[in-house]
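Below are two complexes that have subunit A in common, paired first with subunit B and then with subunit C.
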Partner chain A sequence: MDEIEKPRALAARRREILDLLVASLGPVLAAFVISGVILLLMQVNPVSYYGYVFGRGLFSPTGVQATLTRMGPLLLIAASLIVAFRAGIWNLGGDAQFLIGAVFSAAATPLMAPHLPAGLALVIGMAVSAGFGAIWGLIPAFLRAYQGVNEIITTLMMNFLGISLASVLVKLLFLDPATTVPQTRTLPVEDRLPSLFGTTISSGVLIGLAAVLLVHFVMTRTAFGLRLRVVGANPGAAIHAGLAVPGLTIAVFAISAGFAGLSGGVAILGQYGNVRADWNPAYAMSVVPLVFLARFNGFASIGFVALFSILSIGSESAARRMGVPNYFTLVTVAILLILLGLSEYRGARRRQRAGA
Partner chain B sequence: MTLFTDTFLIALLAGVVAAGVPLLLAGLGEQLSEKAGVLNVGIEGMMLGGAYAGFLVAWATESIGLGFLAGAFGGLLVAALMVLFCVRLGLNQVVIGIALTLGAEGTTALLHHVQFSRLYPRLPEVPTWRIPGLADIPIVGPALFDREPVVYLALALVPLFAWLYRRTHLGLAIQAAGDKPAALDSAGENVLAIRALAVLGCGALVGLGGAFMSIAGAGVFVPFMTHGNGFIGIVLAMLARGRPLWVLLGAALFGACLSGSTALQVAGVDIPTDVVQMLPFAAVMLVLLIAGRNAKLPSALGAAYVRGER
Partner chain C sequence: MPDGQAIPSAARPISGGAPIVRLEGVTKRYPGVIANDRIDMEFHAGEVHVLLGENGAGKSTLVSMLSGLQQPDEGRILIDGDARPIASPAGALDIGISTVFQHSMLVPSLTLVENAVLGRAWWRRPDREGTAARMAAMAARIGVSLDPMALTGDLSLGERQQAEIVRALMRGARFLILDEATAMLTPHDAARLGQLMRRLASEGVAVVFITHKLNEAVEYGDRISVLRLGRKVGGIAPETLRQMDPQAATGEVVRLMFGTHDMASGAAARVDPATVDRAGDPVLEVLALYAGAAAVPLHNIEFKVWPGEVFGIAGIDGNGQKQLAEALAGQEPISDGRIRLDGAFVDRLSIGARRGKGLRYITDDRLGEGTVGSFSVAINLLLKEIGAAPYWVQGFEKPAEITENAREKIRAFDIRTPSAETPVGKLSGGNIQKVLLARELTGTARAVIFNKPTYGLDLANIAATRQRIRDTAEAGAAVVLISTELDELLDLSHRIAVMDRGHLAGIVANDDAARRKIGELMSGVGE
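So, the complex of A and B:
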């Protein structure tokens, strides 16, 4: 590149990043304004509500620790979805993959922990969760790769099936004989993932961050990632380019479902210690919109997952203190998604006009 | 075996109908929308909108009929947003569908919290229409021919849609909007208007199904009460491969399994409800594994139609 061209290219790149920031943050601010109007209609002062939510979720010591701990499993789900969506595969079955991973990990780890060095038991426990999560993604993977069956329908069905199976396993097979409530054996606190720097923050958040960054790097900077993106963008062209599309499809499912399962494992080994019957935090369905908002970008996903964690931790205590139910967060996320769609539409129109 | 008394069998069959009708309406609605090329992931939200609006109006006006009408309108309202964003502006259908589902979940739960959090009012039982003659058939009669009018309407829609798709110009246009929208455009039809019509029709049907759950089924509105029924509707529509009759069969199968767990408990069989609830999904996955080739979906499904674009 010419020496004179360089600053111009840099400036263009800077403008691009600025545009991206405005396009992402604009809808966020607008969504807060609209949600504030809804709060006003409910006769709640929006300033004091959001002040309380952010005060709890971000600026109080216990709150920020809870927020960071929750981010761990959510980030792993984000990694799972980024791989799948960038490869054009709609894996909507993350909740079952999460639960299946969580249940098998919760069943195996407390039995191993007394006999193995603590670190080894945790590593095996996490491997178990990722493995069983991936297995749960296999049937939709094969149906999509070799039979051409739409994965939205199969992953949704495997989702219903897996959520029920997880609670059946807890109630019938992996029951802790020592308690009367249906739940798995509890992993003692000292055998769980270590907490960070003497706080209650689970080191799961580091695993989550590493996973998202790894996925972002692989998808944007490696040949394997490029192949997956080609399959996602144009499967027909991918076949003509000589890519082994069925094999890549199965690899995507295995990686995506594996991360979702690992997310379940990290939630159990880092935070909960056991699985209770009928437990389903539905993290995957909450993270799907966040990954969209981030346009499948890893760094932006981390930002949105952090924002969502703050909102959900904060609104859970706001529900008790201010009488605003915590499903208010759902409304905020929905408004955000629609506004993002609109801003995307405006951007596309502007580009179209500039091109014409 | 004294287990299978007439009363038990009637209750069993009536339970299948009660669980199956919302699924049937959701499946038929989704099928209509998919045929026109719009993958409607928002039907869970439309169902909740219908369930809430139906319950609210039925409670406020003390009129069951107005309640069902409002239910259809509630679904239509959510569908109108889908039309605006996905048909008119051409935004991603899966994203907007999920957004509408989340938004409807949050909004209805919030409205319910503001209005009914302390009262939890209950609606009176819905009067039934007894079809003379048929209602006197033992067992099948009371369960099937002495029902709420919405049940008959839902059943009548099955042949009606089959006729619409097979024999009418409008049905042909709807299917062209999903398969070859550009060809339909060249033929002088308005693709966006036909897609909008299909999505609105879908919303009204699904909303009616939601209202059936809250007004006739539960008698109350509970937040998140549709509990995945809309998603099952998507599954039914995709499995039915464009045939309304198959939606009916699927709805009966899923309805039987959803209501079967209660029946088994009444019968004293001690199986966790989760096992019974897994059965329909397991059966469908098995069918797909054995004969899954070619789900046969409209070729332009999920793609926004922009005039002049290749």
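So, the complex of A and C:
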């Protein structure tokens, strides 16, 4: 019986992966077609637009370096969201957690760098960003764990506070006395995260990849990850099984917000070197749909983050060259999300009909 | 339909008249369940027709077909003698069928008048004054005092329901369904609603009253029908009901709801008393247990269960059985009292620690909390042991051991599943129950709480589950068996307690008189 079962299970698994690929890539292609139609309506040639976008984002040396560098913080955000979403906790406060992490890291690291070995200062700088990001996640965490307050609302509200607080901190507390623009002290380029293979690619992308893979592994292969998934999939069952749901909730928030903070730290330490008072790249809100598209799967998230990174880098160039605002990337992502929702709906209908 | 229309004179009570609504062999199936199985029923004008039955007996399905939300799969519904489908809720309203639920369906931020004019053509100007006058007239006519200009949110639930009934009558209702309308009411409001039902019936309205409370059924009903597992198992016709005193009627209803055996006769096979070891110390001791904050507060619950004993808990659903089970398992905080397991106090321990000491709880909510439907059978079999060796070593999953455990349990408990990796939610109810049994009954189970273990299962799985309960007791564990099936309790238990409104009304030994004594305790005669 075992001999028969195994290849059948393998075949089923292969079919499952194939189905997943079709279900994910089909909508991607369709999204590009529909976006192309919208471009036509804007009287832009979609072929030349996407040719230019991919040319700048993927097929030019500077473009691909910028794309990979941007992927670092985005991947860390993806890791942050995968942990939370898989545990059924909708942490939408990533932008504030990112900025709080970035600001404290940007304030601390330039002060440490001259006195510490470069590697140690960076490690401490990243720890600071993760720690402060996590602290910013604690208020929604406790409200959710012990009072049952909806974390979607609290984390979104905490975004307003956190983004303002970051700006205030830069203007009042962490101001670089040497400049007139409100910004933190700049970390010298030689003290930043090392770039890879003599290019301008920041090693942040490796940290991001490691984080996503680690999160994927922990969520799918460990007891801790399974506990979180039980809480996410059926909170009633988690209580019934005797899991410490409030404790796990706080742990999820701490890990998720910590990764978001670390993302801010990596963006500063690897790329920007300082935080300007009005800076808010809003990476977290951009990555939320990508993680949904990937169905919280780590590998698929890496793929979608890469695609988004290419599109956003390329469209920034295209904005200058072809007059298409770079927000057009978000239009593509939004269309993709709608199409994926539709294909999901169709799949569910088909399964329902097959089951009935 | 004009507001304030008089109650149709055609619906006046005509002795021996044709029923307004008649069900003929109505059947409704859902995947895996027959919710209504060939139901024949008549609803007459001027009559309060009480529908009784446990949760899941099929009352809600019946109501949803009468109110046009669902269509029967088989059989037909006759309206005034014509076979006419109730195609939609709007169609039901046109026929004159209105439903009042236990939760008010009025908009709280609007006045009663404004609620009454809702749902009319949007281009018409609402005639507030005229409607208010008609509303007041209708209210006076059925003996209800209400202020049409009152804000709905300021009224009590009982007043809102009265307003809903008035609104329904204004829209021409002649067939009124009160779906557990008294469930959330204070006793005073419930009594007022009961009197209102009587007045409506005397005005010629057909009232369908769904309730869990036997005393209300007997007090306000003209005719009683009892549903059980989707079938109409019996009823009391008006002529008979009139001649019975309330006590006899209650007894008859209990008999219909909980079993068709003769009250006097005992169960065919007596439970083997030899498995109980009363010489030793009790395994489970519940001492003056209170849970004040529970949905059904528990008060002063006290019982002991010896090794090898099956302690049955009978009672109408929703009298605190679930809360008791959860309090024992650690899911429901207790406010006072103690719980001892093998002599040691466990009431301060967490859910997991209690399980570690051998206390097992097989929940009746198999998909809601017993399992995670989207997870595999293999993982669900270990849901309460996540992180434990040998399935996890230092927190890392050991897939081979997890699969091996699943194979073993699937074989030992005869779980019919395509594979160990199949999501548990895709299995049938009986097989999901086997997964729960396999999970809870392996290892050193000292005390096992079974909450409605055979609810919703087919006959083969019922037999298998009952055998597991016997085996568990024979292996020396203390068993607490919560069930609403009296026959099941008489079949398996050594002693049976009756639970009523959060406390144990009494404990009886399972002897020849047990059925009668339990019936008495249930209908409150023993008080």
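The definition used in the following text is that the second predicted complex is superposed on the first by the 353 of 356 C-alpha atoms of A that agree within 3 Å, B and C clash if a C-alpha of one lies under 4 Å from a C-alpha of the other, contacts with A are read in each partner's own complex, and residues count from 1 in each chain.
Note that a contact is a pair of C-beta atoms (placed from the backbone, for glycine too) under 8 Å apart; a residue touches a chain by one contact, two chains touch by 3 or more.
Computed from a predicted model, the values in this text were never measured in an experiment.
S.K.: Could you tell me whether subunit B and subunit C fit or clash when both sit on subunit A in the superposition?
M.R.: clash
S.K.: Touching A:L165 in the superposition: subunit B (first), subunit C (second), both, neither?
M.R.: It touches subunit B, and subunit C stays clear.
S.K.: On the A-aligned overlay, A:T222 touches which partner chain: subunit B = first, subunit C = second, or both, or neither?
M.R.: A:T222 contacts subunit C only, not subunit B.
S.K.: If you stack the two complexes on chain A, which partner ends up touching A:P117: first (subunit B), second (subunit C), both, or neither?
M.R.: neither
S.K.: Which partner chains sit in contact with A:P289 here, subunit B, subunit C, both or neither? Use first/second/both/neither.
M.R.: Only subunit B; A:P289 stays clear of subunit C.
S.K.: According to the stated criteria, A:P61 is in contact with first (subunit B), second (subunit C), both, or neither; which is it?
M.R.: After superposing on A, A:P61 lies clear of both subunit B and subunit C.
S.K.: Which partner, once the models are overlaid, touches more of subunit A's residues, subunit C or subunit B?
M.R.: For subunit A, the partner with the higher number of touched residues is B.
S.K.: In the superposed arrangement, which partner chain does A:G236 touch: subunit B (first), subunit C (second), both, or neither?
M.R.: second
S.K.: Scan A:Y327 for contacts with subunit B and subunit C and give back first, second, both or neither.
M.R.: The answer is first: A:Y327 touches subunit B but not subunit C.
S.K.: Quick one: is A:G198 in contact with subunit B, with subunit C, with both, or with neither? Answer first, second, both or neither.
M.R.: Once the two structures are laid over each other on A, A:G198 reaches no partner at all.
S.K.: Tell me the contact category for A:P177 with respect to subunit B and subunit C: first, second, both or neither.
M.R.: neither
S.K.: In the superposed model, identify the part of subunit B that clashes with subunit C, out of 57-65, 75-83 or 165-173.
M.R.: It is 165-173; the other listed stretches have no clashes.
S.K.: Kindly list the residues of subunit A that each of subunit B and subunit C touches, one partner per complex.
M.R.: none
S.K.: Show me the residue ranges of subunit B that touch subunit A in the complex, using the header's touch definition.
M.R.: 39, 41, 81, 85, 89-92, 94-96, 98-100, 102-103, 105-107, 109-110, 113-114, 223, 228, 231-232, 234-235, 238-239, 272, 274-275, 277-278, 281-282, 284-285, 288-289, 292-295, 297
S.K.: Residue numbers of subunit A touching subunit B in their complex, please.
M.R.: Answer in residue numbers: 38, 42, 90, 139, 143, 147-150, 152-154, 156-158, 160-161, 164-165, 167-168, 171-172, 285, 288-289, 292, 325, 327-335, 337-338, 341-342, 344-345.
S.K.: Along subunit C, where are the residues that touch subunit A in the complex?
M.R.: Residues in contact with subunit A: 31, 330-331, 350-353, 355, 361, 363, 365, 368-375, 379, 383-384, 386-387, 392, 395-397, 419, 421.
S.K.: With touch defined as at the start, can you tell me which subunit A residues reach subunit C in the complex?
M.R.: 5, 9, 221-224, 226-227, 229-230, 233-234, 236-237, 239-244, 355-356
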